[in-house]
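I have a structure I would like to understand better, so I am pasting it below and will then ask my questions one at a time.
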Amino acid sequence: MKILISNDDGVFAPGIEALYEALSTIAEVTVVAPDRNLSGASSALTLTNPLRLHKHKNGFYSVNGTPTDCVHLAINQLLPEPPDMVVAGINHGANLGDDTFYSGTVAAAAEGRNLGLPAIAMSLASRSEDNMKCAAQVAKKVVEHLKEHPLKSDQILNVNVPDVTFENINGFSVTRLGKRHKAEMMTKQQDPWGREIYWYGTLGKELDAGEGTDFFAVNNNEVSITPLKIDMTAYSSLETVSSWVKKIK
Amino acid sequence: MKILISNDDGVFAPGIEALYEALSTIAEVTVVAPDRNLSGASSALTLTNPLRLHKHKNGFYSVNGTPTDCVHLAINQLLPEPPDMVVAGINHGANLGDDTFYSGTVAAAAEGRNLGLPAIAMSLASRSEDNMKCAAQVAKKVVEHLKEHPLKSDQILNVNVPDVTFENINGFSVTRLGKRHKAEMMTKQQDPWGREIYWYGTLGKELDAGEGTDFFAVNNNEVSITPLKIDMTAYSSLETVSSWVKKIK
Amino acid sequence: MKILISNDDGVFAPGIEALYEALSTIAEVTVVAPDRNLSGASSALTLTNPLRLHKHKNGFYSVNGTPTDCVHLAINQLLPEPPDMVVAGINHGANLGDDTFYSGTVAAAAEGRNLGLPAIAMSLASRSEDNMKCAAQVAKKVVEHLKEHPLKSDQILNVNVPDVTFENINGFSVTRLGKRHKAEMMTKQQDPWGREIYWYGTLGKELDAGEGTDFFAVNNNEVSITPLKIDMTAYSSLETVSSWVKKIK
Amino acid sequence: MKILISNDDGVFAPGIEALYEALSTIAEVTVVAPDRNLSGASSALTLTNPLRLHKHKNGFYSVNGTPTDCVHLAINQLLPEPPDMVVAGINHGANLGDDTFYSGTVAAAAEGRNLGLPAIAMSLASRSEDNMKCAAQVAKKVVEHLKEHPLKSDQILNVNVPDVTFENINGFSVTRLGKRHKAEMMTKQQDPWGREIYWYGTLGKELDAGEGTDFFAVNNNEVSITPLKIDMTAYSSLETVSSWVKKIK
């Protein structure tokens, strides 16, 4: 089995090393990741500047670009043949609910899917790295299962691992994305020269975190697995919008 | 009516000026857009550096960030109260099929939606600006219609205008996203110092562009309107994945 | 007379507009400046990414690069023939003493000089723009004088205008660069996610600001004119270092 | 002895590793370097965004900034007490003549000097790394000599090592900076979307490379050592410019 690993925390993040260590025991793994922390990169492409590949001493490649750039460049240029799977992460922090929309980890998996490959986004629901090994073990389990039991579909799997040791995981749950309250106001500061600057602040509190959501699973120490669609068409609204459009004069 | 306009081509793009001119005749309009061309920005957030607002002589604001940053900063900090609607564009070039996934124009609209507002992404299916006025007229029509006939839903409208004059438009079609073939190989070059660099190349050819798709509508000189969902959960796969997960050992 | 104007505060800074207005009454002026604030850019070149030119509605050009890039690109590519002079500024804030080493304004002038042209760096010793017109009048005077009385040398003129009205200027002084105390400690903060970040803080206090220095002149409401050399060779130390080197075993 | 090492080729460049290996045998060495290739950075400061430090597995630190940022941050924040010396490099490629003006390697040394420390810029006159060990041996020799025989002055030493093995070096020469012809025209290309882009092209040919210059020394397989001044005041022109200024009406 050949696996391409990427992430959005950058090529030096402990999460990507933990993932590499776990998966290289069961597959031939290539790591191609951003040279800087690109958290929040979503599916951004670098279009106005060229990309460059750099091979590091540990064999990992870095790219001066986004997670999507990394996956695209790896599959289109670097690898002699497509891998069997793309695994992104392990993200330092959960990717739950609306977070998935902005996540570069989810985006890296999505790019794998867009290029025709099974893809998994892995996140550890913690800013600490204490249970990174647990997340890596979960990743290995899910990858092996997906290898033996392929999912025939055009979705990716968004996997969030609770911040516990492997022994304390309460099983695996398939979930839908929950919802957060709108994010808090941005943080307004002054730079040392007295000019106003703005930072994204803390995440919104959970709004829809009831049973069935990814929030609920992780809060109950379960591994949350959410199948995500890439196709954004709102099929169930096509009819409503059609009759709405007919009234345009 | 109060409207927030943003885009991904940058605050100086002719498309955003054409949109401003058309909508300022029917609403109080604020323009907040990236200070550089951010095509392909998707829903990227700027998390590691602070954002700065700059007011230009023509009253437009620019931000040293992404389309999503612009909409977020405008609504959370700049505007005293939320606008009634977010309109993004007019993009220089179509946003059809898979393009929507990477588009900063669609992302700007999506951010408006995530913050609770009706939102429209406007694109002109041409690299030339000859029919930008036509696209602006279409934008005005759709905005007025949406104002009078609100759509109760959590979707955005992705509007693509064919490259013809307003008189030559064949009506409005509600469509689903089509699909392109995978993009061509990236372009590999050498910089003047002999080092390898990679550029995204030309778009893939149309793969699913049959009746009902956005490609089909635009190819027939119709305005294509696709309702897009922000929620990525693959609801129709929840069951399949659930039984798949149960087999994980 | 043909003049190329650039700066480091960016193409939208009031200082560059004031300079353009003053000099366009006596010369054919082209403005090519960074698209963002590049204060502190020194003589940095953009080598890993390509440069792009954008012509704005007011006729000014912007470049996605540094002040040095702007001058280099203007003279090597944009202008059909070299200008007679390069004038940089008017900088928002003084460029005195050690500041000159880091200043993008001084660097823009230096690039003009490196390409064989007379060059002037203009700065207003104030964060406010109240006396920008005064600085523009001074610029015009110095440019006209330099045009009529060329200086045969390979230096640039670093001009700092005190923060007063034109009537209150106490004449022109030729000065040497003064010295500041080492800059204060950098400012250490936490970003909203609790990670440590560092900002350059306030400038060091004046250390050598006695008679004859640029600090002294500006503090006495005189226009300070310092001739600056581009050649960094420490000629007066060649002998000392030679005997030092002879002892290397 | 405590030494701070930085460079402009980035924290992963073979040149900085070779320098570390050579100097860590004779001193306590801290490495703080840009996280990306910043060749051509000159003395640029990062003023509009904050800086971040990252410690790598090999003990080296990287900064999301320029060579000057690295030296400034290391001395002002990271190190408990100032080092005895700053050594920059080993640059991949010569820094001769006008190159020094744009070099981030020279700038890193200059920042050390500005903060009151002896400083050396080391470059290998080759794009290949074959003789990097030779350059490292030279660095060690010069550092030891400077340690035992301090140079009382405010200059830095710009050292260029010819592209030969250590045995084939023809001794050490103290030199002045030579001069290149103006750089060739920039390279004008089109990006894959047909938009014009510009790259800096090849270096200008040698113009003043006669005896006594750094070019001459390196061309004769000698180590070139040029003392460089940081103070840009053109003292020898003060009188001329004074009488020139007196004529300003």
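When the chains are written out, they are named A, B, C and D in that same order, and each has its own residue count from 1.
The definition used in the following text is that a residue touches a chain if its C-beta (ideal position, glycine included) is under 8 Å from a C-beta of that chain, and two chains touch if they have at least 3 such contacts.
Not measured: the values here are computed from a predicted model.
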Pair of chains joined by more contacts [C-beta pairs], C-D or B-D
C-D
From the C-alpha centres, identify the chain that is farthest from subunit D.
B
What's the distance between the Cα centroids of subunit B and subunit C, rounded to whole Å?
40
Taking each chain's centre as the mean of its CA atoms, subunit C sits from subunit D at a distance in Å of 22
Distance in whole angstrom between the CA centres of subunit B and subunit D is 46
Listing for subunit B: what residues touch at least two other chains?
36, 47-48, 50, 52, 64, 191, 199-200
Considering only the defined contacts, which subunit D positions touch subunit B in the complex?
48-50, 52, 64, 187, 191-192, 199-202
Where on subunit B does subunit C make contact in their complex?
12, 35-36, 47-48, 54, 56, 64, 191, 193
Residue set of subunit B touching subunit A in the complex reads 36-37, 39-48, 50-53, 66, 68, 72-73, 76-77, 98, 100-102, 107, 110, 114-116, 141-142, 145, 149, 151, 153, 155, 157, 172-174, 176-177, 182-183, 185-186, 188-189, 191, 195-200, 225-235, 237-238, 240-242, 244-245, 247-249
